[in-house]
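There are two complexes below, and they share chain A, which is joined by chain B in the first and by chain C in the second.
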Partner chain A sequence: MGEKEGKEKKKGGFFGAVKEFVYGVAAHDSARFALKSRASMEHLFILITMGDMLGVPILPPYYSLRLLPYVVPQISTWKRRMLREKDLTDALA
Partner chain B sequence: MNSVVVLIISLVVFFVGYRLYAGYIDRKVIKADPKKATPAKMYMDGVEFMPTSKNVLFGYQFKSIAGAGPIIGPIIAIQWGWLPALVWILLGTFFIGWVQDYGSAIMAMRHEGASFGGLSHKLISPRARTILLSFVYFYLLLIAGAFGNVVVDTAIRLKPAPMAWLFLTIAGIIAGQMIYRWKRDIILTTIVTVIIAMLGIWVGTIAPSNQIIGETLSNSRLLWAVAAFVFCYFAAVMPIWKFALPVNYVAAYIVFIGLFVGIIGIFILHPDFTLPAVTSFSIPIGPVWPIMFVTIACGAISGWHSIVSSSGTARQLENELDARPVGAGVMFVEMMLAAFALVIAGTIYASPADYGAAIKLGPGGVFAAGVAKFLNAVGLPTDIGRSYGSVMMVVLAITIMQLVVRFMRVATSELLAGWHPVFRNAHVGTFIASILGIVLVLTGWWQYLWVLFGGANQLMASLALMLITAWLMSEGKSYSWALWPMIFMFITTIAALLYTSYSLLNKVLVGAVKGQALIGNTLMGLVGIFLVVAAIVLGIEGIKAFNKYRALKNNKMPESAQA
Partner chain C sequence: MVPISLAKIFEQYPDRHYIMFGGKGGLGKTTFSAAAAYYLAKQGKKVLVFSVDPQASLSDIFKKDIFGKGPTEIMPNLYAQEIDADHRVREYQQEIRQKILDMYGMDKIPEEIESYIQAAAAEPAMEESAIFDEVVDIVVKGGYDYYIYDLVPLGHALYYLSMASVYDAWIGKITGLRQQMREYDQVAATIRRDKDLDEDAILNELLYIKDRINKSSSILTDKQKTAFFFVLTPEEMIINDTLKAAELFAKFDVPLSGYIVNRVLPSELKGQNIPEYLKHRLDMQDHYLKVIDEVFKDQIHAWVPEMERDVTGLEMIEKLSNTMFG
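And then the complex of A and B:
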């Protein structure tokens, strides 16, 4: 029984690998671009609402504080993406 | 020699290079550690930094690096004979190609996923970063020019290609609407749109361009150059999900089905090489060294790969052990692709004269004839096979071109927006990129343009190897496996660029070229000179950085000895 399960797992593993490879060739790039587009919109929104965290106060703090609970989960990655050094090669891949 | 023997030798090189050499470097020098947290895990943001399976990344890396380059390079380089081309493809990949791809990925991974701009600033000097980024713009321009030329030559030479290209574009637009707007099932979308694209290949054979728009227009370089850059214009300014991505998505299936079936055809026919092993040391585009070493770029080593490895793949690797299969493994697969292209060019013509007549008109015709022959071995009629090969060539070139024009738009904005805000406008940046590209396509001789593109590409590779060497030195690791390839590539590429620029500008100065060729030669010659100057300045900065790391190591020695 255990041997049979192992064989099935191995077979599934091979087909799973092929499936992942096809996804990587055909669609992974598209998925990354879609995520990047969404992220840039979200980051723009956070910059407008929470800009004072980076020293760019745009909205009065009252509104920022009202929105803060909704933005908290994204703050760390947002700050990292905003402050990380970027160059032209980032757009290439 | 029989083509199957060539492929078996290539497989042996693949096995020894990947399993033994790359395995040794990975285990003993880099000491890849599966327990070490990668940037994808440490800085996961669900966007750029995202732990991804190595199988997905293998496909992603392969799709990103395997464009028209590994196919066109060997088709042109066989003019020196198939033996030097094969030796360079195999040894170039074995000693240099995988070192660069794998080294770029692992270096970026050990630097928190930093891109080349940041790495050159940190490891070499601030000036190195400035030069690198201005160099990238000309690099992109040369890619647009060289690949644009391939599209134009293929559209003129192979009359079914334009119709098949049009159907593919329509299929891509429908795919975008089906996936993102109508929310249709991805499998249904794929089947429908790939069938539409395949239908276009057949329609191309019954409605070739000369029958629809007439002989004059169907042979117009201007028309197809404008068509290619209008295509790229849409790809650059339209939302990426509406045009660029879905067209690439459908195109990926067309290319990989063609390659897969074509490879089966090669094994069925297993033809002998009909072209000579060695022809002569020097041909019209130049001598075998250094020109052949830049003519075959992607199949042996390519700077483009280092950008994909560092800014793309390194941020997604979930395990340090995955860097070898993804970075090095894909490079060896690309080597196999270049070997297949060499087999196509070397076996399909009855005599060197036939090949010589075909290559004068561009590499697209040679490739399409090869695809037609090997698809015919599995039962596809030759005229449809030729149409299939022509659209594969167009697709391989134009998918890279459209990305490049999009990046040039971004680059124009970054470089010139400070000077005048009008350059921030997407249409202005794309228009500038398109005009420059069209001028290159219409005025430059394609073989020189290809050599210059290869030179810029190999220069990028030299810079990547320089960064890898500097990083290894800074870490106190063994670095000769990256240093010697870097020295070889640096000298070879500068020699190739100098030779080509001299040939181009000399013709201008002695008045041997007039009209369009005068503009093309001047433009290409000046771009070549700029690349050489940039490379020399970077080389000096690199030597300073190496000396700094050597001095640091020597100063540290007594302290460690005391400890």
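And then the complex of A and C:
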């Protein structure tokens, strides 16, 4: 939000600021969108590989264990997200 | 009575390095695996016979405890192996724990993760998957002219075979999803002008798993390299079940190479003074031998007589292998 400062300071700084401004106006949202989609997919991915943690056995356990180390940090947020019910307040948050 | 003998079959198809015997429980799969291994070893081929059955009986037939000991030499050129699935699962769990500790510099596995690791090991499919994975190790490692699979009974064998194709399809799907995720990462990185994108370790793991499963299923369905023999006995139920199973196996593209009939009571008995009971058995057998002949025709490669005693120990294995390949 705070990158809309097109003020003149120095020459290099000016171009840098313009670059950031343009990024903020044009691309920031797309990047955010891409990352948000990516995050939802991450949760979907963990669901279909580690689903048995929630009682949904999907991948053969021998191979899902192989993937476990990589998703350790996401496990708790993922569980919360999956077990939480969607409601209107989600849109406000 | 036998159109093409087993010995001829092996001669004709020297590229078939993976030999499997399938059939209902207790018909002689392990016995034939051992006898075939013996025969090939005597021919100067280096042979590994291994069991994919958690309740393996190779130890019993060779009269040597080989359970979980890796490939064990039984006689020159003949090696046998029984996979200890439990041990492999335990080792594997430990590997996973260590990986987590190393990756995140933890000194203890979080409770939630630990309970998952333990629960996963208790799943019924775990043992089979572990054996499945070890078989890939065995085959990829190489070093033998022949690999003889002492298979599990039919239902399980089907499960084992279908596991390969189900795993394959499933892993293909999630690898696709992972690749898509990777594309989003790339989009975000390009927009933000980040130069480097970290390698996706999970994608690499998935590709590794896919490769393992492909190796195993490609062997099971390779008509050039694999021979699958059905074992049956002259009894009505067994004949029917074998026909059904053969159909199912064909659906999974398993290259059926023929049938071997086991436990044939010697017909000379009929001329002797034998009790009514045995006479009935012999008449019944005659009938079913005819049925087998009509149904399977030139696909029968050996008729193996019922032995006078259990086939255990090399001496009996030799005797059986002589009648099987003779």
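Definition applied: the second predicted complex is superposed on the first by the 47 of 93 C-alpha atoms of A that agree within 3 Å, B and C clash if a C-alpha of one lies under 4 Å from a C-alpha of the other, contacts with A are read in each partner's own complex, and residues count from 1 in each chain.
The criterion applied here is as follows: contacts are C-beta pairs under 8 Å (C-beta built on N, C-alpha and C of every residue); 3 or more make two chains touch, one makes a residue touch a chain.
This one's a predicted model, so the numbers in the text were calculated from it and none came from an experiment.
**Q** I'd like to know which partner A:Tyr70 touches here: chain B for first, chain C for second, both or neither.
**A** Touch status of A:Tyr70: second partner only.
**Q** By the touch definition at the top of the document, which applies to A:Arg80: first (chain B), second (chain C), both, or neither?
**A** It touches chain B, and chain C stays clear.
**Q** Should A:Leu35 be classified as contacting the first partner (chain B), the second (chain C), both, or neither?
**A** both
**Q** Who does A:Leu47 touch here: chain B (first), chain C (second), both, or neither?
**A** Touch status of A:Leu47: no partner.
**Q** Who does A:Phe21 touch here: chain B (first), chain C (second), both, or neither?
**A** first
**Q** Shared contact residues on chain A for chain B and chain C?
**A** 23, 27, 30, 34-35, 37
**Q** Which stretch or stretches of chain A touch chain C in the complex?
**A** Residues 23, 27, 30-31, 34-35, 37-38, 41-42, 44-45, 48-50, 52-53, 57-73, 75-76.
**Q** So in the complex, which bits of chain A are touching chain B?
**A** Residue positions touching the partner: 16-17, 20-30, 32-37, 39, 77, 80-81, 85-93.
**Q** Considering only the defined contacts, which chain C positions touch chain A in the complex?
**A** Interface residues on the chain C side: 89, 92-93, 96, 99-100, 103-104, 110, 112-113, 116-117, 119-121, 123, 125-126, 129-130, 132-133, 163, 167, 170-171, 174, 177-178, 180-181, 184-185, 187-188, 191-192, 201-202, 205-206, 209.
**Q** Which of the residues in chain B come into contact with chain A in the complex?
**A** Residues in contact with chain A: 43-48, 52-53, 55-64, 114-118, 129, 133, 136-137, 186, 190, 239-241, 245-246, 248-249, 252-253, 256, 307-308, 310-313, 403, 407, 410-411, 414.
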